[in-house]
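Okay, here's the structure, questions in a sec.
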Amino acid sequence: MPVGELRVSSQPLATEPPPNNDETWVWAQIKAEARRDAESEPALASYLYSTILSHSSLERSLSFHLGNKLCSSTLLSTLLYDLFLHAFSTDYSLRSAAVADLRAARERDPACVSFSHCLLNYKGFLACQAHRVAHKLWTQSRRPLALALQSRIADVFAVDIHPAARIGKGILFDHATGVVVGETAVIGNNVSILHHVTLGGTGKACGDRHPKIGDGVLIGAGATILGNVKIGEGAKIGAGSVVLIDVPPRTTAVGNPARLVGGKEKPSQLEDIPGESMDHTSFISQWSDYII
Amino acid sequence: MPVGELRVSSQPLATEPPPNNDETWVWAQIKAEARRDAESEPALASYLYSTILSHSSLERSLSFHLGNKLCSSTLLSTLLYDLFLHAFSTDYSLRSAAVADLRAARERDPACVSFSHCLLNYKGFLACQAHRVAHKLWTQSRRPLALALQSRIADVFAVDIHPAARIGKGILFDHATGVVVGETAVIGNNVSILHHVTLGGTGKACGDRHPKIGDGVLIGAGATILGNVKIGEGAKIGAGSVVLIDVPPRTTAVGNPARLVGGKEKPSQLEDIPGESMDHTSFISQWSDYII
Amino acid sequence: MPVGELRVSSQPLATEPPPNNDETWVWAQIKAEARRDAESEPALASYLYSTILSHSSLERSLSFHLGNKLCSSTLLSTLLYDLFLHAFSTDYSLRSAAVADLRAARERDPACVSFSHCLLNYKGFLACQAHRVAHKLWTQSRRPLALALQSRIADVFAVDIHPAARIGKGILFDHATGVVVGETAVIGNNVSILHHVTLGGTGKACGDRHPKIGDGVLIGAGATILGNVKIGEGAKIGAGSVVLIDVPPRTTAVGNPARLVGGKEKPSQLEDIPGESMDHTSFISQWSDYII
Amino acid sequence: MPVGELRVSSQPLATEPPPNNDETWVWAQIKAEARRDAESEPALASYLYSTILSHSSLERSLSFHLGNKLCSSTLLSTLLYDLFLHAFSTDYSLRSAAVADLRAARERDPACVSFSHCLLNYKGFLACQAHRVAHKLWTQSRRPLALALQSRIADVFAVDIHPAARIGKGILFDHATGVVVGETAVIGNNVSILHHVTLGGTGKACGDRHPKIGDGVLIGAGATILGNVKIGEGAKIGAGSVVLIDVPPRTTAVGNPARLVGGKEKPSQLEDIPGESMDHTSFISQWSDYII
Amino acid sequence: MPVGELRVSSQPLATEPPPNNDETWVWAQIKAEARRDAESEPALASYLYSTILSHSSLERSLSFHLGNKLCSSTLLSTLLYDLFLHAFSTDYSLRSAAVADLRAARERDPACVSFSHCLLNYKGFLACQAHRVAHKLWTQSRRPLALALQSRIADVFAVDIHPAARIGKGILFDHATGVVVGETAVIGNNVSILHHVTLGGTGKACGDRHPKIGDGVLIGAGATILGNVKIGEGAKIGAGSVVLIDVPPRTTAVGNPARLVGGKEKPSQLEDIPGESMDHTSFISQWSDYII
Amino acid sequence: MPVGELRVSSQPLATEPPPNNDETWVWAQIKAEARRDAESEPALASYLYSTILSHSSLERSLSFHLGNKLCSSTLLSTLLYDLFLHAFSTDYSLRSAAVADLRAARERDPACVSFSHCLLNYKGFLACQAHRVAHKLWTQSRRPLALALQSRIADVFAVDIHPAARIGKGILFDHATGVVVGETAVIGNNVSILHHVTLGGTGKACGDRHPKIGDGVLIGAGATILGNVKIGEGAKIGAGSVVLIDVPPRTTAVGNPARLVGGKEKPSQLEDIPGESMDHTSFISQWSDYII
């Protein structure tokens, strides 16, 4: 696969537009869900009011929730809240990415019963939004602060994403515990990544040394992808796979070491986009060694 | 393996009996251990008194400990304590399952030096007890609260068990970090599950889509079991295995993709119950590809 | 490989010397880095002063940071601070090991931009220093306290190291989430261990049942090593490998089950020390099954 | 005034009755007020749900609120919550006194806009309820715990009431800061006490050495009453007075040292009950020295 | 004294102007002081950075400090910070009053060594600024929130000011513990009030029932002023006085009950403004009863 | 009274001696009391272990308790603990003064049932010990830190003692709420001071402007002493008195303004030392105006 063809969408950088209709609609849904849940479950009402219902916007709710989740005795919630609120309020692309991620969880994860469920409870969603702010700080050369944020995310959510890593929109980090994403990794749009996935480096060499994940890729639980390799758009990486070289677009790689389903020379072509269909296991019949 | 034969014990639902002798005996042991440790280690005495020695029953001690472990600035310890105490006080099966789990850790894990060690320090044990309460809330249609609890367990213990998942008694989640158990998964009695084990789904399809684990199964570290597959009673899943189809009872599946030790046609039969013997490695001599 | 040849360095036990030049120099670097960062990033200055700049020595800074990271509502920060400070102040080997670990991260991890970055943010580094104190308590027969510390480390950093495990100097636990090290495991000097690595036991047998890792070994992400096996000095274990038997020195084992690169009979010999070079992937060309 | 005539009602000791109509009605009012306020003020809704609306009874709400107000890093909220809940649940007189105190604040203090305002915000009310529990512990010979509670009340509310002091029902401690009530003091029913009031002892003598305050007394801000003196029922003590000897019923004592309004021999008789009318200043015209 | 002549300045209500020169200058002084102290006292540097040096403006610093001081487990610091920041950012008069109060402390209290000392440490200053925000909420009919704030101020600072009370600028609440200010009280500009001072009501009557304090008044420690009385501009109330009727401008009232120095008919006239000169005791020679 | 005769003992400055027999004996008593209470009251055992029984010395226990009481979200307990421990460990006079104060409470206050009761629960005792450390910092020119400590003591205990104030040994601050002691005040040995007592200044003049309290003085609740006046040794100041000029030794001053009991010319001489006898009220018969 020619490198030039890899489709890794660059992140949007627009910072000015007001909440668009989509954001407004999702936020209205979230408030309606929270109001319904607060009414049916008094024990949770205080939590729902403090995290969602007392806020006038998604960015305020998210900043409050992240500030309280990520704070520590030496990094106070007020400081973090301020930091997040400033970032989400001034950078439209952060809000729009959050909305796209909420939609991704809602559409792709059958266990995601509501937008508010994702906003409040998905550590992958929360880690990703906090990472986006850390990434923004990194690009502004506020590196010590970005790294401190990475550290808090790694402690609290067990999700370790280097602030320099570039991540697209419509991302689902499902379960998320143990995800590691290295400094020069790039993740495209509409990618779904399960827990324990590593996008790691090749050792102590500096420079561009981490995977590039194309749009619409699905990476199964526990997969390890190492080095500056390219996972083509719409490819699927099986759970537990160890991938050390490029994977062509719309193909499936499985196993340790990973092999292409259908064979290296003429791999089977996927018809849907696995990052969106979340089909983990349809390749089984083609996986010849699977012999139980 | 005929589906009908899968032995997944249904959870007990009895809610009324008083502490039985077993529960009384274990609680007495725990108090004696804590008293001994408090005397020998003044630096820990305060901790032991607050978590164990000041309480009049196992359910109070456990509710206190879980409430303090799982609380956050927006979900207060008093609220959680109340929730746990009500559940453990009114549902005998929750207490009896906790006692069975304490016994499982004590009997199966050579590093488990005492019941109190498990009660206080085993994140797998604590996550499992908290899950049982979340599951009870789920079955009572208090879903938002159940999901909030799941989220706290996932943050604090890095153990992510969907509240709908059904789990038997005498369970050992050893080390436990990174365990993920999906919504329609079922785990039988006397099962031992190591860390990083995934009982995952098959994608975005709804419905019954997660593994069913029979009684007495042992699942090694990092094993990934995906889809509505059946792991027969007394089966053993090797560390790091990726299992996508059924495994017959009392057989061993290893590798990525998993193969049966002894071959698909006539797999070797295990004589003891691996979930109880915790024998991880005796199949090595039979694993033909293992060639170092 | 003859057992006798395994080089697992015993840990230094000297407790008396004052800070040597190396320790002094590293601490001076850390303060200079923190001062520079505090000046450039006011939002982080309070954090840097409380964790580093207000302290007169590395052991005070580290004890403060660990005390605040590992405390809970039932194990107060003041108690833990006292415990750590006493250990680091009275045992020279703990301080010297911390310095060696800081150097290891700085030299081997290209993402480690400064000593202070490692000291403040690397959960692997922090978990390892806290483990060393837990280990010291264990050897002093203060086992309940050692186990309580292990539990806090496992909760906060998702790193689960039994306090009895012996660990050398110059260790890099990179990313670290999900690392599990069993009771009788031994890790030599200058070892590099990625996240999700398990040095596990073989079941419920008591006694010596965990791996022995020689000096200079590199263990890739997600590798699982089980049983009382020996990983010879300078060996390399590929990411995602499952290793159940010995690996000779300066060889590379990959896969599930693990095979030696170059073949069992005449494995390729590594020329550099992988635990230091951190070369994860150079063996790819030799890994014959890798067929994408 | 004959000592025998002093009317200091003994406290009710009944422990069994269920919530009576009065308690039920007040609790319903409190919930309605809190619901109204939560709707009109989203920023306060979380607070109102956690303190009032999520609770099923006044005793739960009060126990939760006191537990969270009085806790410290060494006396956890869960422990205090448990203690308060047990006391309020098992002793009917404590609940009935709380209701009487809520009514007293609502009726006598024009600044008290609602029952919930008093329940949540009046430190005098909260200190008094916590004192009643401390007093109960004292009478049960659980003195160290009672004294620890006194200390927390004194720190948090700046209200220092010895747990042995006996206090009636329908008490209003208005503003409350600085109130000190000694060990052998007795306060009757329907008494109103402003801030900075001292019911102190006479020195280091042991035994019965503190004031006895009759029913319906009003004690103005900053009044100091010392020694085993009797303040007759319906008496009024002017702000800033220093009282060292008995005050007859339904008379007014003012000044430092205190004098009876109308003269020692034939003091003016009050017609209403000052503890209920809260009339602080109607005696001015009769206070002859008052000459501005 | 004709009521109409009482000079109680109405509070400024302008909300728009940017920081004027005065505010800018004071904030620059505060930062310089904090920087100097942080350099000379490393143990305090973290505190000074978090409270002052990390902030870009006085309103941010003050909001942060108040949010962290007044928060509780049920009223989170992030919520309070948000509330304070919004108030101080949008209402110029709040900032300008804070600056005037800082100047008042600096000029009138010889123990006030710097502006930052007052900003960080003076509970009277902090209580007053928080009250101004509560007052603003009160005037916006956000009464439950205003009362909740009053309650927190009363708990944390032992200063109990009803949110409806109107307070001018250039106020010094010195020491402040125990100050009580009632609902309909009004305090003019440049007033100095010592600790334990009560501006109280006359009982349970509703309506306008608390003192009106003119500009430049000095009220000594422990003075109690009750009822809708007028303390004329530039008057002085001696420590421990009990005042129940009007005091003419520029006169001194002392004692319990209070008398005018120089006599009721022709009281001595003060030449300076006592609220600014803070002269507590110069009237002694004129106080005839003072006979030690 | 000639100024030269005022006996205000200078504070001891010795810093070296080891715990003497007295200190050892009191600490042994405290431990024995705490052990007895922990056994009889399990609900308090954790508190007693963390504050007393887990510590090896009085200075550690006191430093831990003060650190946890006085900490805030911006002044961490570990920092304060360190500060207190260093002060108490290196300055013998601080420890010896603490022991003398414990003895004073035990001997003079009939409500003080044990040394541990005072150590844990007396806010006056704790405020005084923390003040001594603040005073030491002040004399070392660490003024910003001393003032920060004063502020925390004022917030937490409502006791406001300027760090420059000099205080002797054997001091009882009984109840303590509202005590204010100014910058140039001096308090001798064996003084007893009740709550709401002010040792205040005379206004905005700089320099020596606060009271000097001789040895053995007793100052009753709510007394206000203003200006650089001398209260002679063994004098007694009645509750609620306002004292603006000197009081001779062994005489009693009462009232507002204060008068000498027995008359200005030939005041009654006290035979015992009121600061030790705590006799508050024996002068009543001689107080002629007291006419109820």
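So that you can tell them apart, the chains are marked A, B, C, D, E and F in the order they are listed, and the count of residues begins at 1 in each.
By definition in this document, contacts are C-beta pairs under 8 Å (C-beta built on N, C-alpha and C of every residue); 3 or more make two chains touch, one makes a residue touch a chain.
Labels paired with UniProt names: A, B, C, D, E, F = serine O-acetyltransferase.
What you are looking at is a predicted structure, and each value in this text was computed from that prediction instead of being measured.
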item: A-F, B-F or A-B - pair sharing over half of the C-E contact pairs; value: B-F
item: Rotation, 0 to 180 degrees and nearest 5, that superposes subunit B on copy subunit C via CA atoms; value: 120
item: Between subunit A and subunit E, centroid-to-centroid distance (C-alpha), Å; value: 51
item: Intercentroid distance (Cα basis), subunit C paired with subunit A, Å; value: 28
item: For subunit F, residues contacting two or more additional chains; value: 43, 46-47, 50, 54, 68, 73-74, 76-77, 79, 158, 177-178, 196, 222, 240-241, 256
item: Graph class of chain-chain contacts, one of line, ring, star, complete, other; value: complete
item: Residue ranges of subunit E in contact with subunit B within the complex; value: 73-74, 76
item: List of subunit C residues in touch with subunit F within their complex; value: 46, 50, 54, 64, 67-68, 74, 76-79, 81-82
item: Contact footprint of subunit B on subunit C as seen in their complex; value: 72-75, 79, 83, 142-145, 147-148, 150-151, 154-155, 158, 160, 162, 177-178, 180, 182-183, 196, 198, 200-206, 209, 222, 224, 226-227, 240-247, 253, 256-260, 264
item: Complex contacts: residues of subunit A adjacent to subunit D; value: 38, 42-43, 45-47, 49-50, 53-55
item: Subunit B to subunit C touching residues, read off their complex; value: 37, 40-41, 43-44, 46-48, 50-51, 65, 68-69, 71, 77, 107-111, 113, 117, 120-123, 156-158, 175, 177-178, 194-196, 220-222, 238-241, 254-256, 277-282, 284, 287, 289-292
